[in-house]
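As structure tokens, here come the structures.
Below, chain A partners chain B and then partners chain C, in two separate complexes.
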Partner chain A sequence: MNNKVLAIHNLKVRYLTEDGSVEAVNGIDISVDKRKTLGLVGETGAGKTTTALSILRLIPDPPGEILSGNIELDGIDLMSITEKEMEKIRGDLVSMIFQDPMTALNPVINIGEQISEAISIHQHVTPDEAKKKAKEMLELVGIPGARWAEYPHQFSGGMKQRVIIAIALSCSPKLLIADEPTTALDVTIQAQVLELMKELKEKMDMSMLMITHDLGVVAEVCDDVAIMYAGRIIEQGSLKEIFKSTKHPYTEGLFNSVPNIDDRKSELKPIRGLMSDPYNLPVGCAFCDRCDYALEKCKTEKPEKIYFSETHFAECHLYKENIDFQLNSGKN
Partner chain B sequence: MSENTEFVKTEQLLKTKKRSQIVDVWRRLRRSNTAVIGLILIFIFLCMAIFAPVIANYEDDALKMNVRERLQSPGIGHWFGTDELGRDIFARIVYGTRISLFVGIISVSIALTLGGTLGAIAGYYGGRIDNIIMRVLDVLLAIPTILLAITIVAALGASILNLMIAVGVSNIPGFARVVRAAVLSVKDQEFIEAAKAIGARDHTIILKHVLPNSMAPIIVFATLKVATAIMATASLSFIGLGIQPPTPEWGSMLAGGRAYIRDNMYIVLYPGLAIVLTVLSLNLIGDGLRDALDPKLK
Partner chain C sequence: MAEILLEVKNLKKYFETPRGKLHAVDDVSFSIEKGKTLGLVGESGCGKSTTGRVILRLLEATDGEIYYKGKNIRDLKNNQMRDLRKEMQIIFQDPFSSLDPRMTVSEIIEEPIKLNKIIKDKEKRFERVLELMDLVGLSRRLMNTYPHELDGGRRQRIGIARALSLDTKFIVCDEPVSALDVSIQAQILNLMKELQEKLDLTYIFITHDLSVVNHFSDEIAVMYLGKIIEKAAAEELFSNPIHPYTKALLSAIPRPTIDKKIDKIILKGEITSPINPEFNCRFANRCNYAEDICKKKEPEFTKRSKDHYAACHIF
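On to the complex of A and B.
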């Protein structure tokens, strides 16, 4: 019955600090289907990384705290298992690629050993077999196996990211979480790394949760897209639905912030203002201060999900009465 | 053919690139003159300790009293002269090197193992565990090192083993603090998180990822502490709580010779020099290592 590799229901995470509590994730529901890629898009501080870390149960506690919700990974309820069982799952069923390849590798251990570490934790193999597998993984990501015994500082940023991908994939996980895997790389390398990830995803039959703020990356690799703002999923749909029939004003704002290469004279139209203070989220829609279409009730009422198709929804008051409302890039 | 030469070239390139960090540190250490002097001195002392039986006979030269030859000035027969009981000072210094270096290194190893473990646990887990461990060690730290060592030796009785335990235990708080600080600076880096994300256990993370990355300050501190441990050993022996006569030990040689300092100052001069030179050379090496291990100075 279950075609979902990852299903998150009503996840709420907050960080308790001395200045008050930061509500990082406020009840999100997302799911990733088998062999599909879900793009989790949002600006800095929207709660994307927190969501990813809660899947691995690696939220630093204190100050972090998962208030409610359940996370199901390949049929296993991650909230009810012990830390020991969780250790077995990390790296085996689910693994994560981190944002900055420069710091995500241990500088004093050679990369081959770092890859075989993941293998020997989860598979009962002799050190020699682990080493052999590590070399295969290196070849798989396009690095000569002979560079097995080299240290991270001998690799360029793109190569390091490949090594990290090799570590993440070494145990053939069901789900790969990629937390802005290309942010720290330059554009040509970005394309290579994305291409590699896409290719390996097909080859290894996995699902992927791609966290990014780059809509170009989303268009390149994702099947479904969830737009996150202030700890909520404000719009979700298939890639086509999000790109072709954008519903939420915030999503529209994101698209307007991307330069248009067809019309070089057009001015960029960034979203005005800053993200609302996470210590003190507004009662109503979190986006209403920055929204060009804001209604009176946006300030006081939380918008509900409004479905446009089975897969596509947005949390916005604009569609409550008039489901055919059309966004017009704020030209009133 | 050309493909083959190409391959050989890459292989060579790979080999030259594979210069390990130890080689790198060694090269930088060699650049510092003071560190080289320290290394040469400590090498001489090490040779003296290892080849002591070749240099002098323990029973005949260092232990046996020979009243007819007492209080001789340095000369051909006795390079450093003889002491009040006619024993050859040079032989006694050579055998004393063994004890000093041995006690220094072992007691620092004790302190490093125990203090390091405590510090690593405190730093890695933080919170309440950190507080409990560090506050207990703070109490130990409040007692002056030498006083603590004296108390321990007095309680356990004077012997080489107890001396090493005393000097080792009194150094535990220092090592715990240094290791804790080093661990704290490493544990929040992303590769630690990455190690957690592949399912590594806490102890593997501490041993494999945290400690190797915080080695530099620990190595420097340990080198400098060997020097202080040697001084502590000499001090305790000087006041009669360390190595017991007639076993040759620099501190007890000083104690034995201090009555003759007016007429036969060489009796205390040479053991004193030996202490000064070992401690100095270890300090020079420690300072050199501090510079060599600092990646910012590359």
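On to the complex of A and C.
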């Protein structure tokens, strides 16, 4: 039985610019199980959003180019279908929530019409039925249906993000891609929106790909976690495996960089240096310049996946000969 | 007793809008000891940035007093204020828009030294620029690059170098790390902490991120709709929050751990309008504990224990 809603295999994406080619995604495999949430974690420029846009086939081409890879969504091979067929899938089988609720809505169309637009494109309904459904969606995300005819500027940031969630969920997608959905919101509003998303995911029987840089958000909503660095998934596992037996030095660095709110004496241990230049990725491990554990061969050889359990792997030379290697923070 | 560097009394800043008076900062008082950090925390629109700007007189206060080293700086004339600005600086949130894109790194850092005629000799001035670059961890080879060539972390280092280029004693840090990635954020926070110790700086640290402020501040003031609703030593505020808003704010932070699950207090609704607010508790309509009195009378900001103040009728 196929239990996967999304399966990506060996995806490679690059952008050709005047200054050269940027290798944004360098051969990644990820999958999202039914009714599960996968967290895709990484910093600016890691390739998270490029991965998401590839799933929707929205990579701007040129300059973007998908070099290789298979993307299978609910059994459909997205790389082999026509653009017309893809249009039917976007917003129906899969939809996406963007980071910035201020710019994702059309300022001159009222929100009710923006919600019913998605419904009437994908479902055979009369305008009245679409309008009724749009009102239901508004109520579902906690906005009174009576505000149907209002415009985006009449809503606050948190409310706008609710409207966007309503649009994304209006056709009951199998997969929801959320790209930093709460980053632009205040903490108390973030808590409201995350709570709403968790609740709706259960109610609508969806899977979710949650793109974020915030390990706190991951701990709250994700079942599985993939850590991305310079276009590679460098560690992946269940929430517990990533949080409790961190393997990759970059993942450890991420945890050490977050101020611990419950222990104010704890020292911040930042990762030194910066992410490598995407125009000019190192031959070996992309993280080796910033890594405190780097070995000689890290500079010259790309690390392979080392498996610690069926679900948990890291791409790191440290474990090649010694699978029991311990990082300093000693979480494993 | 430690020296009080800055004291703010009954500070008010109202903006006239077509719909009425916007109470951005409404009767705010606090003081900071030399060499310490006050964290000013709150969500968008609570008046924290306006407070920072009014203190530096980048915006003129509507009412209230601002004492810096015992002098009310609201009485100072423009040229006196300009002299004082050598000591009082600001670091902005967005390292992308706060630097002139047409100036090189060394020109940006040099500009305040030149304008204030601190060092007149060109070569000595240049030496000072290099010294500042070393101080904030900017490699000297970046001297002739332009801001657009650099990443956010390095740009924020330029902002810090510029703020330190004069005879700086006091810095308003307005969300200095919120635009940065976590690994870079930690680098900048460590740098700012180190500089504080080295140069005996006093900070007001404005942020919406409670985990950052906990790490950084000696004392924390929580703002809501123009008012400080709770103030205490950082450790005390985190272990014994009194105000329901502070409690909700603390519980809402997503924690990067799967060990202990904290029951989240989900607030209803959103921040209300700061235009023509009524004389009641401004948090009452979102508060899970509100009673009749909260909607009728403004709570007083009272002492609850040593150095712990809060404004709430119920707690």
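To be clear about the criterion, the second predicted complex is superposed on the first by the 328 of 332 C-alpha atoms of A that agree within 3 Å, B and C clash if a C-alpha of one lies under 4 Å from a C-alpha of the other, contacts with A are read in each partner's own complex, and residues count from 1 in each chain.
What we mean here is this: a contact is a pair of C-beta atoms (placed from the backbone, for glycine too) under 8 Å apart; a residue touches a chain by one contact, two chains touch by 3 or more.
Small disclaimer: the values here were computed from a predicted structure and weren't measured.
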| item | value |
| --- | --- |
| Clash or fit, chain B versus chain C on superposed chain A | fit |
| Chain A residues touched - chain C or chain B, whichever exceeds | C |
| First, second, both or neither for A:167, with chain B first and chain C second | first |
| First (chain B), second (chain C), both or neither touched by A:33 | neither |
| Touching partner for A:129 - first (chain B), second (chain C), both, neither | neither |
| Touching partner for A:104 - first (chain B), second (chain C), both, neither | first |
| Chain B, chain C and vertex chain A (Cα centres) - angle in steps of 10° | 80 |
| Touching partner for A:195 - first (chain B), second (chain C), both, neither | second |
| Partner chain(s) touched by A:87 [first = chain B, second = chain C, both, neither] | first |
| Which superposed partner A:147 touches (first chain B, second chain C, both, neither) | first |
| Which of chain B and chain C A:72 touches, first, second, both or neither | neither |
| After fitting on chain A: smallest Cα gap, chain B-chain C, Å | 11 |
| Footprint overlap on chain A, comparing chain B with chain C | none |
| Contact set on chain C toward chain A in their complex | 43-44, 151-153, 181-187, 189-190, 208-212, 214-215, 234-235, 238, 248-258, 264, 266-267, 270-271 |
| Complex interface listing, chain A residues touching chain B | 56, 58, 62, 87-92, 95-96, 98-100, 103-109, 117-118, 121-122, 146-147, 149-151, 154, 164, 167-168 |
| Chain B residues touching chain A - in the complex, by the definition given at the top | 10-11, 14, 17-18, 21, 127, 189-191, 193-201, 204, 208-209, 212-213, 215 |
| Chain C partner contacts - residues on chain A that touch it in the complex | 43-44, 156-159, 186-192, 194-195, 213-220, 239-240, 243-244, 253-262, 264, 266, 268-272, 274 |
